[in-house]
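Notes for the one structure printed next.
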Amino acid sequence: MYWSSWSDFRAMGGHAFFVWMSYGALLLAVVVEMLLLRARRKRALAAIEEERDLETEN
Amino acid sequence: MNSVPQAPGSFSGGFAWAMARDLRLAWRHPDEAVLTVAFFVLVASLFPLGIGAEPQLLQRIGPGVIWVGALLAAFLALPGLFAADYADGSLEQMTLSPHPALGWAGGKIAAHWIVSGLPLTLLSPLIGLQYGLTPDTLLVQALSLAIGTPVLSLLGGACAALALGARGGGMLLALLALPLFVPVLIFGAGAAEAQATGLSPAPHLSLLAAALIAALVGLPWAVGAAVRIAVD
Amino acid sequence: MNSVPQAPGSFSGGFAWAMARDLRLAWRHPDEAVLTVAFFVLVASLFPLGIGAEPQLLQRIGPGVIWVGALLAAFLALPGLFAADYADGSLEQMTLSPHPALGWAGGKIAAHWIVSGLPLTLLSPLIGLQYGLTPDTLLVQALSLAIGTPVLSLLGGACAALALGARGGGMLLALLALPLFVPVLIFGAGAAEAQATGLSPAPHLSLLAAALIAALVGLPWAVGAAVRIAVD
Amino acid sequence: MNWFYFSSPSTFYGLAGRLAPWCFVSAAVLAAWGLYLGLLVAPTDAQQGEVYRVIFIHVPTAWMSMFLYFIMACYCGLTLVFNTRLSAMMARAIAPTGAMFTFVALWTGSFWGRPTWGTYWVWDARLTSELVLLFLYFGYIALANAFEDPRRGDRAAALLALIGVVNLPIIYFSVQWWNTLHQGSSVNFKGTSMHVTMLTGMLVMSFAAWMYAIGAALVRVRSIILERERRTQWVRELKAA
Amino acid sequence: MTGKHRSGTPDVLQVRDLACRRGPALLFSGLGFEVAGGELLCVRGPNGCGKTTLLRCVTGLTRPDEGTILWHGEPSHVDPERMRAGMAYAGHLPSLKDDLTAEENLEFSLRLRGAATTPGERREALAAVGLDKRRRIPSRRLSAGQRRRIGLARLALDPAELWILDEPLTALDDAGQALFTELLDRHLAAGGLALAATHHRLAPASGVVRELRLA
Amino acid sequence: MTGKHRSGTPDVLQVRDLACRRGPALLFSGLGFEVAGGELLCVRGPNGCGKTTLLRCVTGLTRPDEGTILWHGEPSHVDPERMRAGMAYAGHLPSLKDDLTAEENLEFSLRLRGAATTPGERREALAAVGLDKRRRIPSRRLSAGQRRRIGLARLALDPAELWILDEPLTALDDAGQALFTELLDRHLAAGGLALAATHHRLAPASGVVRELRLA
């Protein structure tokens, strides 16, 4: 283990802002993409339902 | 087939009809609105490219560039305003409808502004940040766009209607519309610049507001007349 | 009705056909060419208005603004490149002609450049004078436009063909074409700026030339393919 | 394996559904390991100090941005030449993930650039061409969705993607062709000049990114298949089950 | 002008002394006719004789060089909106929005005409022209004839007294032509009037059909 | 498929096992037919049955989901340019430039088709379709039927062996229809072949006329 303390780790040798902004952005991007993926799947499934309802209505 | 004359059309009927229809069309394809904004962002980012990105220089030219970007974006959205309706005969039907031209022409322009001018206004502070403008300036900038872009839509709508069916399409439109846009640009960009240099933006803004009122009163009528000429 | 197979079409046949036809159409309506130039002049004059007219500032931003103006003018002329032929079915007939697509696609783009890019290039020194550029810089500026605008026409032509029949028309085109135009803009404006600051413009110009060669080799083919997809 | 069997959307739908979870699990495991190496074990960099740790996400995302574009372009080529349905759907499924990685590469690059170069952004060749890549992804997505008929969108966007391939060598070699602010490659076929832990951390993170990208693409392609084939019998039966 | 004997009803549309030139040529001059309720006037003549031009003059889209149009006895330029409320024009152009569905197109066209219709009525009208199953797909995907059929549904629901129709049978198959004839028949029987330019023969069961030959 | 007895000449155009779907619907599948020199095949069917789609598949504009087109016995995708040189397509769209005159439009269309014609021939062809006096005004000023007649002149001068025609009689008056029939007659008599989608009845004096009914 390279770090001697938790606060050292967080400070990143004084570059905390830049390092954590980068890692944070990646995390955020991945989370957003996962949410979008879920939403898209839900929409696709709902569209199938809707289609079927339309069909039976006719 | 009642031979009793029908309830004649009304201003509000035509306005609501045109607005509902055009918003429905825009909703069907949100791309158009999204892409207006994308264009605005792109143009605003082209300038640092062509000119170089010194912070002071950027801050200096920021309000001007943002206004030029908004103007070009508003301008690019113009050809679509009447062209499609002209080509497929919808404009003929509008001129033949019992509603007065003032109504549907106004409704079309209002819908156009909601789809093009409004998003630009809402987005301008973000772009302004790129150029390092101060919060006050950003606010004045947004305000000037909020008053100025409807004027652009009205002026542009009138020019688009005049250019309908004329040869040279988009370019003719540019020649007609851009010179009319220039005063709006000057007062609009002037407001934010005044604010940035510590002066009061009020005179510029009130001039813009006056222009808006004049445009609201006169231009929808002109659009109606121009359309009537175009479909002949 | 000779059942002997006909003399097949040729590259040069298609090229000459498209160029003759499009130039004839442009000649019938010189407005289009005149208006491209007018737009260019207008945009280049809008900036001093939006930004203020300090000579030093103007000299500093001159090359960039001129290139941005040329780029926007070239861009505005794009939608017209294929749209009319698409709407009236001429493009269908072209894809069904015995001439290879490379020929007529290239011819159309060449005609388009003659009508839009060439006048801009010839006029740029005049605009440059307004911004107080030196004769050397003016020359380099014109040279960079002469090499760069054909690249814009080729890239833009490919994008215009791809966007045919798509929703979001002009705006989609902006999203596709402008980012591809950016490198051309950077090297083009860079050439004149290097000259203005006493450096050699040669690296920028040779990069532009390389881009032109690459574009000439690959893009007419891409345009043909895109048109074929569009008429399906 | 019979490739034609799996190139039919209905069978691929099932296959993708079975593979995707494993991709995500391995991505998570690899990422945990890579982050452990990168953030906790690896020593500091002599010149840059701790800020160099951005490398563990900057380089993998930058690589992925280019790889994914390349793979997308291959699928696009298949679409244009053989008119296969699945390849177009795969290309569409990859694009958003590619755009995401490109964005993160740009973002981490500029947050790295501020402390090392003193600026978030310069218009040098590497950075500009990477930005163009982002717009190519956006253009691909917008064009593919801009048509009433999805097959039209597939083909038009595929052509755009193929035109854009020229940009990849420009990104990759820009550091050699022009003297840029951005540093040249330190990992290449002739070996590496890096500390072993750093290199391992970077490679492990790259594999994690790979696995994540495959998983995300598979999940997305399943939605696309459902959207496209929602009127077919097999989708109906699937939903009823 | 040829045709059956005129009925006794008063003339709703009167055209007096109309003249129109296009370029060098005088298309027609001194043209006058009347149409009463229950009458169909077919404008006939070879290609390019001015049928379309005549129809557009009557609607008010094109300004004639001379002449007046009287609507219920009053010149149409006095209160153009009154005439427009009572007149439906179907020209060469479809006035359909490709991005809207058949249902939406119908709805917006009718609202523009100031006609109040319910969704049920519109759906019925679309079903009557055979577009029931396709009423929810964007109109751009419809075939040439299906697009024309939306126009038929529109006519069926438009309360206008006067129909002005330019080549109404274009692109319609036999079933479509029969549908149109039936619509026209109902319109005339209910006391409506119609002015049509066509190369086809129109023979509605009821109503008086007259012909106007342009040179 | 109905029609007179097939002639003995070899089939120039052969369509095998063609299938095309549009949206959810399968328009046709397993469709096959042959057309030999001197034959006209009329594609018939109600609105929206897929006539236009079929024609466009044969030209190569639309990519069918399945099937092959053989031109002189060779699949058309092997050497598409060869088939294109021998085929003239007249679709729903006019492919006229509104700003060019009838004469110029005719000239450019024919040059695009690789056909060498003299100004005299072109003028004659325009005169034959009744456009002699109007050959020098911009096409936008022509009436609907006059514009279609430019298309007739184009067909008359195009040396193509195969004509593919979508609704060729639209907007033509009786004289125009007669003109078209005569052209078709000459084409078939000279050994050409034609494929047409139409709701009208086509009856050229010579040639074998067959029908293809789409569901």
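Side notes on the structure shown:
As written, the chains take the letters A, B, C, D, E and F, and residue 1 is the first residue of each chain.
Assume contacts are C-beta pairs under 8 Å (C-beta built on N, C-alpha and C of every residue); 3 or more make two chains touch, one makes a residue touch a chain.
Note that the structure is a prediction, hence the values are computed from the model and not measured.
Following the contact convention of this document, D is the list of chains adjacent to both subunit A and subunit C.
The largest tally of C-beta contacts between two chains is found for B-C. Inter-chain centre distance (subunit A to subunit E, centres taken as mean C-alpha positions): 58 Å. Subunit D has its Cα centroid 38 Å from the Cα centroid of subunit B.
Computed from the mean C-alpha positions, the centre of subunit C lies at a distance of 32 Å from the centre of subunit D. Residue positions of subunit B touching 2 or more other chains, listed in rising order: 29, 31, 35, 38, 49, 87, 167.
The set of subunit F residues touching two or more other chains comprises 63, 92, 99. For subunit D, residues that reach two or more other chains under the stated contact definition are 123, 138, 142, 146, 148, 231.
Interface of subunit B with subunit E (complex): residues 1-3, 5-9, 13, 17, 20-21, 24-25, 28-29, 84, 87-90, 92-100, 104, 231-232. By the touch criterion stated above, subunit D contacts subunit C in their complex at residues 80, 123, 128-129, 131-132, 135-136, 138-139, 142-143, 146-148, 152, 155-156, 159-160, 162-163, 166. Taken together, the subunit D residues at the contact with subunit E in this complex read 148. Of all residues in subunit B, those touching subunit C in their complex are 29, 31-32, 34-36, 38-39, 42-43, 46-47, 49-52, 57, 60-61, 63-65, 67-68, 71-72, 76-77, 79-80, 87, 167-172, 174-175, 178-179, 182, 185-186, 189, 193. Remark: subunit C residues 158-159, 162-163, 165-168, 172, 175-176, 179-180, 182-183, 186, 214, 218-219, 222, 225-226, 229-230, 232 touch subunit D in the complex.
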